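Heads up, the next two complexes both have subunit A, just with different partners, subunit B and then subunit C.
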Partner chain A sequence: MTGRPIAMWPILRALFARELRLVLRGGHLLPVLAFVFICVMLMPFGLGPELSLLQRLAPGLLWVIMLMAVLLSLDRMFQADFEDGGLDQLLLLPIALEGAVIAKICAHFVGILLPVLAAIPLAGLLLNIHPDAVLPVLATLLAGAPALVMLGAIGAALAVGVRRAGLLTVLIVTPLYVPVLVFGAGGLARALAAPGMLDVGALGVLGLISMASLFLAPPAIAAALRAGLR
Partner chain B sequence: MLERLENLSALYANPRRFMNLAARVHTPLWLVAVGVLAFGLFMVSGVPDDYQQGATVRIMFVHVPAAWMALFAYSFIFFASLLAAVLRHPLGYLAARAAAPVGAVFTLVALVTGALWGQPMWGTWWVWDARLTSVLVLLFIYLGYIALWEAIDDYGRAARATSILAFVGFVNVPIVKFSVDWWNTLHQPASVSRFARPALHADFLYPLLVMGVAFLLLFLAITLTRLQMEVLRQRLRVRQSAG
Partner chain C sequence: MVNTEYFSGAYADFSRAAMSGDALCLRADNLACVRGLRVVFADLNFAVAAGGILHVSGANGAGKTSLLRMICGLLAPAAGHISLSGNTALARQSHYLGHADGLKNTLTPRETMIYESRLMAAHEACAPEDLLAHIGLAKQADQRVGTLSAGQRRRLALSRLLAAPRPIWLMDEPYTALDTAGRDLVDTLMRCHAEAGGMVVLAAHEAVPLADAQLVLDA
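And now, the complex of A and B:
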């Protein structure tokens, strides 16, 4: 060991750039986007095409669809790197695995979740969402998305290298998503009941959950990956 | 203090010593559990009908202890995993694995008896009440935990991964409870008063406590049997891998 401190930021930046390139070039975004619109298309068939009914349900439906889209996107988060040995390389980096994990998840967030969020207003349009509801939907989704991706990564890391990992991840992660959905969709319902103002309380709790998972999830994810690689 | 902890971790750390102890305790534990259960059921049969609920109030004596055990078993899994992860007690992971299906079944019993009780009382099998919903989430946490054990072939890997999930789930349970309470009061404040019932009379309380002890003993007995099985299975694994 030399006494020279290791520059962490360049490594994290390079990691983030690599992951983002992989996410964008790997074609992971398109299936997730397609999934969102397929869900939207199925809703009128299941619930009936009545526009007023769809308008009433649209905010909650968008939250559930977003949640399921994130679940779907988790599948490849660590699996490809596990298969080609990339995860072992992460473990060998001179920085904490937790940091590498955060860089990876940030790339996933920017490369997949943000585009999906950007598509949400269009999906809402198809569900005849009320124009006043678009902004609260986006605000609550944006506040909850970090929690969704962080908690989801715990499940993806635990199931890495396992047969039928996707299904197992869904089973593990769904209970963790319950509080996020409760405060996300619940806060949304409150905001829409009193139009023109956001429910600061629910949004605050949502942000709190996101912040807490931002700090508490990486150690769990790193521990799960270490357990999977040993 | 530290020395004490180390003594604790050394306690029955040798699986053979544990198996000897388990073999001695096993039958008496089962006999006591069945005996207390029989006594509890006898007490329940003597409980007077509730003036509002009639005979259906007796469902409570299965329902409430099952719900207690659903939470107790999960805490058991958490502390067993903690014992294994922190103090390296070799039986901790096996004990957590042995307890998981038992806890899941108690959770299912709580849900099913709750539905059977809810039908005559509330006029519906299921309501999206805070308590029902959080117990349903608990069931899915159990199922995910069990599925993770089953999905990973390598024992050491499975043990570490499931213990991480046990810790995460243990943090998650109170958060779910809190959030679902908030959600419930948001959507159906009026129905809560329908669930309110008068504080328990002694006629009901003592049989309930006896049934609670009976369910606890049953949990311990079943888990002990399953733990013995897990230790044997572990020995089999070692033998097979040794050729």
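And now, the complex of A and C:
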């Protein structure tokens, strides 16, 4: 071969662009957004129409809905590639599988989770949160979302090749989500109690968990995918 | 109709330029494959020199697909090793065309070719439009891959081999779903690749007159 050095960024950009196009054309966003709004609309039927109760429960409810929406969106993240041979081709790319995994997850984040993140504060308004609290809700979710998607992707990668992998992914990932849920819902509750204020401590912890998962998750995901192929 | 002159002209020049250098040799020494508790094959030895075409045949379950996946590193051998002129990391030296084609139904053939050449870091890639025209998919260039016939999908998968020059082509049942012109296309591609200094290992049940060696795996 020519021995010419491989530039990693153009490949990552091309992979990100392809994956984003696949996500947008795949019609995966609409069901997730529908799930978020259906959950929020059903809450008053289950919990009662008392606005103060809904407001008090809103932080936990919004985080659980966010968490479930992420899990719902991750169902086919690697499974489709596994089934159609795309995973084989990813392993033969001239970059490390970890890089390909990061590009795929970034495309998933931009194509599905950013719209969901934008929708959840709006859904919160239906749960009677104060309009001033929209920004803190968004900030808290944004700080924790990378951890949710990275940890979820580990579960999706571990379940690759398993039929009806959705349930297995949920069982693997749910325990990992507990710290994010605790700090996320707690921080959001404190932010909603004082509208316009941010719980910097909770944001910091969520940011740390997200940063740690950004560094630690890709090698784990790549190893799980390699094991799934063998 | 496929324009085969393109592949014996433009592609061969492009591929030869990319693979110029010392003559390559693909070697497998004492290779073994174990699936579960079953030994699929053991003590397998072969060599394919630059310009060689190796036809792997054998009954279903004899390990043809496993062998191809081992060569490109998708499957780890239970014993033995494979090398290309001493280099054992072959993933980035190989194109693998498997049963599952890795094509995405929601992309078009044109988008597929553009992404493939970018993903493979093809500095000297052929123009996607030219490739699609010569592979017989010009009319379908902007049609979703999901709407192509099985044979057209196979042609598109074949054209990915040309997205970037790599010395080893691993082809699993490459004639599947192809008509006579498509089969001629496969033969032309293999011949041009071999003439340009590459090597081909293909698994097929039918006879492959182009092959200069055959490896029969026992089930």
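The working rule: the second predicted complex is superposed on the first by the 223 of 230 C-alpha atoms of A that agree within 3 Å, B and C clash if a C-alpha of one lies under 4 Å from a C-alpha of the other, contacts with A are read in each partner's own complex, and residues count from 1 in each chain.
Convention: contacts are C-beta pairs under 8 Å (C-beta built on N, C-alpha and C of every residue); 3 or more make two chains touch, one makes a residue touch a chain.
Owing to the predicted nature of the structure, the values given are computational and were not obtained by experimental measurement.
**Student:** With the two complexes superposed on chain A, say which partner A:A223 touches: subunit B (first), subunit C (second), both, or neither.
**Tutor:** first
**Student:** Considering only the touch criterion stated at the top, classify A:E83 as touching first (subunit B), second (subunit C), both, or neither.
**Tutor:** Second partner only, subunit C.
**Student:** Return first, second, both or neither, reflecting whether A:L92 touches subunit B, subunit C, both chains, or no partner chain.
**Tutor:** The second partner, subunit C, only.
**Student:** Touch test for A:I11: subunit B only (first), subunit C only (second), both, or neither?
**Tutor:** After superposition on chain A, A:I11 lies in contact with subunit C alone.
**Student:** Identify the partner contact of A:R21: answer first if only subunit B is touched, second if only subunit C is, both if each is, neither if none is.
**Tutor:** second
**Student:** Return first, second, both or neither, reflecting whether A:R164 touches subunit B, subunit C, both chains, or no partner chain.
**Tutor:** After superposing on A, A:R164 lies in contact with subunit B but is clear of subunit C.
**Student:** Have a look at where A:G186 lands relative to subunit B and subunit C in the superposition and call it first, second, both or neither.
**Tutor:** In the superposition, A:G186 contacts subunit B only.
**Student:** Across the two complexes, find the residues of subunit A that touch subunit B and also touch subunit C.
**Tutor:** In subunit A, positions 230 sit in both the subunit B and subunit C interfaces.
**Student:** Quick check on the complex: what are the subunit C residues that touch subunit A?
**Tutor:** 18-21, 69, 72-76, 91-96, 98-104, 106-107, 111, 115, 118-121, 123, 165-167
**Student:** If you look only at subunit A, which of its residues touch subunit C in the complex?
**Tutor:** 1-4, 6-7, 10-11, 14-15, 17-18, 21-22, 25-26, 81, 83-86, 88-89, 91-94, 229-230
**Student:** So in the complex, which bits of subunit A are touching subunit B?
**Tutor:** Residues of subunit A touching subunit B: 154, 158-159, 162-165, 168, 171-172, 174-176, 178-179, 182-183, 186, 189-190, 209, 216, 220, 223-224, 226-228, 230.
**Student:** Taking the touch rule as given, give the residues of subunit B at its contact with subunit A in the complex, in rising order.
**Tutor:** 137-138, 140-141, 143-144, 147-148, 151-152, 156-157, 160-161, 164-165, 167-169, 171-172, 175-176, 178-180, 182-183, 186
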